[in-house]
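Read from first to last, the chains carry the letters A, B, C, D, E and F; within each, the first residue is number 1.
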Amino acid sequence: MLLQHQTWQEVESYLMRSTGIIMPIGSTEQHGPNGLIGTDAICAEAIARGVGEAADAMVGPTIGVGMAVHHMGFAGSMTLRPSTLMAIMRDYVLSLARHGFRRFFFINGHGGNIATCSAAFYEIYAEWEGAIGTRRAEGDDLRCRLANWWDGKAMGALSKEVFGDDEGSHATASEVSVTQFLLPETIKQAQIDPPRAPGGRFHGPADYRRRFPDGRIGSNPGLASPEKGRRFYETSVPELAKTYTAFLEEKV
Amino acid sequence: MLLQHQTWQEVESYLMRSTGIIMPIGSTEQHGPNGLIGTDAICAEAIARGVGEAADAMVGPTIGVGMAVHHMGFAGSMTLRPSTLMAIMRDYVLSLARHGFRRFFFINGHGGNIATCSAAFYEIYAEWEGAIGTRRAEGDDLRCRLANWWDGKAMGALSKEVFGDDEGSHATASEVSVTQFLLPETIKQAQIDPPRAPGGRFHGPADYRRRFPDGRIGSNPGLASPEKGRRFYETSVPELAKTYTAFLEEKV
Amino acid sequence: MLLQHQTWQEVESYLMRSTGIIMPIGSTEQHGPNGLIGTDAICAEAIARGVGEAADAMVGPTIGVGMAVHHMGFAGSMTLRPSTLMAIMRDYVLSLARHGFRRFFFINGHGGNIATCSAAFYEIYAEWEGAIGTRRAEGDDLRCRLANWWDGKAMGALSKEVFGDDEGSHATASEVSVTQFLLPETIKQAQIDPPRAPGGRFHGPADYRRRFPDGRIGSNPGLASPEKGRRFYETSVPELAKTYTAFLEEKV
Amino acid sequence: MLLQHQTWQEVESYLMRSTGIIMPIGSTEQHGPNGLIGTDAICAEAIARGVGEAADAMVGPTIGVGMAVHHMGFAGSMTLRPSTLMAIMRDYVLSLARHGFRRFFFINGHGGNIATCSAAFYEIYAEWEGAIGTRRAEGDDLRCRLANWWDGKAMGALSKEVFGDDEGSHATASEVSVTQFLLPETIKQAQIDPPRAPGGRFHGPADYRRRFPDGRIGSNPGLASPEKGRRFYETSVPELAKTYTAFLEEKV
Amino acid sequence: MLLQHQTWQEVESYLMRSTGIIMPIGSTEQHGPNGLIGTDAICAEAIARGVGEAADAMVGPTIGVGMAVHHMGFAGSMTLRPSTLMAIMRDYVLSLARHGFRRFFFINGHGGNIATCSAAFYEIYAEWEGAIGTRRAEGDDLRCRLANWWDGKAMGALSKEVFGDDEGSHATASEVSVTQFLLPETIKQAQIDPPRAPGGRFHGPADYRRRFPDGRIGSNPGLASPEKGRRFYETSVPELAKTYTAFLEEKV
Amino acid sequence: MLLQHQTWQEVESYLMRSTGIIMPIGSTEQHGPNGLIGTDAICAEAIARGVGEAADAMVGPTIGVGMAVHHMGFAGSMTLRPSTLMAIMRDYVLSLARHGFRRFFFINGHGGNIATCSAAFYEIYAEWEGAIGTRRAEGDDLRCRLANWWDGKAMGALSKEVFGDDEGSHATASEVSVTQFLLPETIKQAQIDPPRAPGGRFHGPADYRRRFPDGRIGSNPGLASPEKGRRFYETSVPELAKTYTAFLEEKV
């Protein structure tokens, strides 16, 4: 159930039975020699839609560009400054809160978004609950949660089984597989050399490019396939749907 | 050619032959009793993709939520503050400018975005050309242009022919038709009463809701049909492709 | 009745009978070889004062510097970033709203301000009506309106009659005339060559200067005269006074 | 020589011989029972123009609304947040710096502006000289200076002579006199009771109103007259003209 | 070697041999019934000083208030909005970068700071390397790193050995011990009931207080002692000194 | 009584008997050849603690970095932009106001902070009292006050007696003495040449360094001694304690 495919009266009806909404957030950044620049947005959006169906939940519009400063050394990468991303998330959440939404479940496709999303949640709570300053508290019932589609026990096990140490941490074998499953027409033929990219930490964008010359970190996306992508997709969706439902039912 | 479907090496190649990019911008806001909340984002994105194909141009990620403060009286509407939208547009344009893009052709699906986009363009020019402050000018070759998909001579004529005075100015018969053409599975059965909505000006969100109780302004979207939507789509795409090409070729 | 010429007790009395106020907004930017840098501020202020007398309305202080990024290639031009202008307009409107003013009628002297003013109005409505975030709505009765002094039917007809195609769109024959009428001691002798400046669109400040080397767009201000200025002034004031009164009386 | 009364070519000529400019800054706030709301803007502007003539210097547009948060308990008072005023001053100074102006002499009409102006100067220096962050230094030759029109030795002596302890510190006898001299048609008949207002410190706007019920602090503006105003005006102008000239000639 | 205890000439000398600096960052927030509000600032500062001595490195001033929105339900807790903390970190880092510092090693005392610090680092990299916008890159050699004093292998082992499951995750037994070691005169006698606090996740400040009524999460700080604190302190310092040195020596 | 050394329950108790808090604010900037970079923070913190004891008042965490843009030409100096410092002060004051603190007594160690602090107070009052915009007033009882430790009648007399014209205005003989008294282990042997530094005004950081090559203004800190420092400390503390108490008792 996509918010963008409803009328406003249909949203009014939905709010009678639920205050939860799923918000996909991705990124638009290089994903190595055979990964799509939109990988993180594509995966987050598709999995969010799957979760929305599985959990009979509303799915909001995708935040397609995220915090990808460190990828800016590669053509086509886009980024928001962390402060801009925080402003967007505030406006998204508080727009919907005006209508009665109270549980915001962000399905995230990009590790680089995690810290900024967490900061954004506290900026939102500070405003909503009147924790600093003179803005009046609206109550204390607004909750945000971030869930990465690749997290969860079953996902970890699947990754280990299918790719082992070739999974890596950027332009991973699994995320490239998921996009190949979702968009088989975009599968790229590209040389992946060395098969497994070097791993390690990094600092700013220039440092990143120096350490990881083709953009990958620790992964061998040459092992990706649509069929493997299907397995990841089909494992992630029900696991996240369960997490979403638990989030809605959380007491206290 | 979607930016999100390319690898970074493919973007590097594209930049050898063109510095132009098409950027869809829409909105997520009520569109009356039978219009989708995502109408403006859906139309802008689909038409931008069509123009991208027609003009062999790169198409960037869609800005799916726009400036819709005046629609906030209706459930499901989302908005960015104008200042947030300006920050996003700056980060989008200047991220891509880092890689060499210089002609930004925004295809817009929402009248309410026009003013803020124009303000954003000047905020960007001020920074890029060093017009105020100490930021060094990068040159003077960066250009932004906003084109509404419903503008253009042929589009005006088509609207007049197909809907006459029933076109209206919000939740228009033509935009509802375009979404019905693009997403026939989302066609809504809803009572449209009165057939043609009242017209007129408005101020803030509460004033808007009072004047236009079901969200429409001056339109009769009961006349919408997928087939009519196809005609609007097919008229808009080539007209905008021509405008885009002229924008790239513009001298001086 | 200038706000700056009242005591605070006199403003208290005024608020008993009206919540309307006229706010002049201009710009400080080049106006071609014989136009004053202050043209837009001077015209907006003088006409606003005329309207204030005609409609027995309070007139606030003039915003003398506007959004003129595109004029920054010419000496003496000043500009605010759009974001700064939005901050000013918010503080002006909401300062006065604290005392009970509710109808803000901006008389504008500069086309370049229009988009930013519109964005500012929505930023103000969003805050005042609590449309996003946790700020409590103050009600829904605050209204802003922008009226350009050169708009209106009678003004269009007069321009066509007096200058025809020589009116132009920047450093127009009519605005130069109005300043000559208001400030005859500042009339400049300058070569206007070619008589009618080239027209067309433009992008950033460097592009503007390249296309319009003496600053004018499409105009022949060599035809300006104080007497013609008087006619424009005397046509604009009553037309705007009527618009202002209608704005105050607007129902719904 | 008013910037707003020049053409851009005339400003170009001026910059050949001087990089100095006088910038009037006032306020729009209550000034007691017989003082004008615009007192600070009116005095600063008139005296700045006088100084401009005396020193053959360019005079920029007046900042008519200043930092007057503490006066917001009285109808008609307007204020900018300190942060907004800082943004304006930055845009004003750096717009003009682009054209070559380097000495900014602010003539101030309002004590409440002093702190914010000082903060703004450092914000500007930090940016212009690249003291923090990555903005490149433009050089170190940009200088801002604030001069209150009522300061200076001769002014102090005159105040003591004419009003003694009745001068006060807000809605002063001398500033009311200056506006009466400049705008005799606005002289108000109002009861001033008690003749001399109470003095003392204050905190926020409500506290201010409680302590100073008619808005004055320590003054008896019932003693004001146009003739006294003339003396203050004529003492201030040459004293400030000398300070301005010294500022331009300052070595090191 | 504390920056605040040097003269500027001594800092100049230091910069000849090192571009590294240690920056303590803590928080000022409730730490349960017997924990000090300043626990996180006190620990971070003391350990940073120890590391500074061990590694012969400069130690900057402590950021004493951090991101503690979720603790605002308890008296005395202070917080910065995430956006304010990001602004501070930018100004700190880029001030010092102006003088030649290039390796910023933040020793952190508060889990709630981690996300915002990470966001701040990318905001800094984006500016320093010119990744977005027109700010010129200063090079790519500026690096920031955050190290929590309780992290590290030896620290984990020590915590497990000394406190096992009673360590907890807020107002931990180990951090209370460290403050008791550092400031024995502040040791509090307080009832800790139940001995081990409940654990779990939380959302905003009101939710936090409801779930954790005395402020602790999962810990039993009744087990704290100065002697245990000494062990934690003496384990943390050399481990972090090694990490700092490795950070300075990092190649690529 | 340091806030950081209390538990949250102890703060709750304190708030039963007082709503006052002392907030030290300093700076981290060059202080000439024998002055510590942390002079202003060290003095403000130590004196604030003394005042806290003398007046039985809570003392908050020190703001250790202030507004020192003009000192940025000297190694080791740090600064906040004025706008960042204003954001910090707002978050500090309004965090504590949430718990019931209402009287904020800032003890200041740096002249360069004064203007920004004053601007910050008005930004806070504007928000707290709802003077502009739609934020609801919280009441009008929140008060901020800045007291420089070197001000006060007894302090002026002591300075004149001990140092006469050698006191100066930056890196003063008295502040260097106070740090020598507080931290005798940090006393520096440095050549002070000339004994008394040149005096005068300055503009931006480069101008400052040119005029005052070793950083001092008008002072001879070669005359400093720990014993003299003790006298300044012991004179300042009781004088400020009296001012603090009067601030709390202030009526109206």
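We adopt the following convention: a residue touches a chain if its C-beta (ideal position, glycine included) is under 8 Å from a C-beta of that chain, and two chains touch if they have at least 3 such contacts.
Since we're looking at a predicted model, the values are computed, not measured.
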item	value
Intersection of contact partners for chain B and chain E	A, D
Self-contact between copies chain A and chain C, residue sets same or different by half	different
Most widely separated chain from chain C, with each centre as the mean of CA atoms	E
C-D or B-C, whichever has more C-beta pairs in contact	C-D
Between chain A and chain F, centroid-to-centroid distance (C-alpha), Å	46
Computed distance of Cα centres, chain F from chain D, in Å	29
Geometric centre distance via CA averages, chain E-chain C, whole Å	53
Between chain A and chain B, centroid-to-centroid distance (C-alpha), Å	25
Set of chain A residues in contact with two or more other chains	72, 79, 81, 83, 90-91, 95, 98, 128, 130-132, 135-137
In contact (per the touch rule at the top): chain pairs	A-B, A-C, A-E, A-F, B-C, B-D, B-E, C-D, C-F, D-E, D-F, E-F
Chain B-facing residues of chain C, complex	67, 69-70, 72, 79, 81-83, 86, 112, 114-120, 122-123, 125-126, 128-129, 131-132, 137, 140, 142-144, 203-207, 210-211, 252
Contact set on chain A toward chain F in their complex	130-136
Contact set on chain E toward chain D in their complex	90-91, 94-95, 98, 127-128, 130, 135-138
Touching residues on chain A, where the partner in the complex is chain B	2-12, 15, 28, 30-38, 41-42, 60-62, 64-65, 72, 74-81, 83-84, 87-88, 90-92, 95-96, 98-100, 183, 186, 188, 190, 215
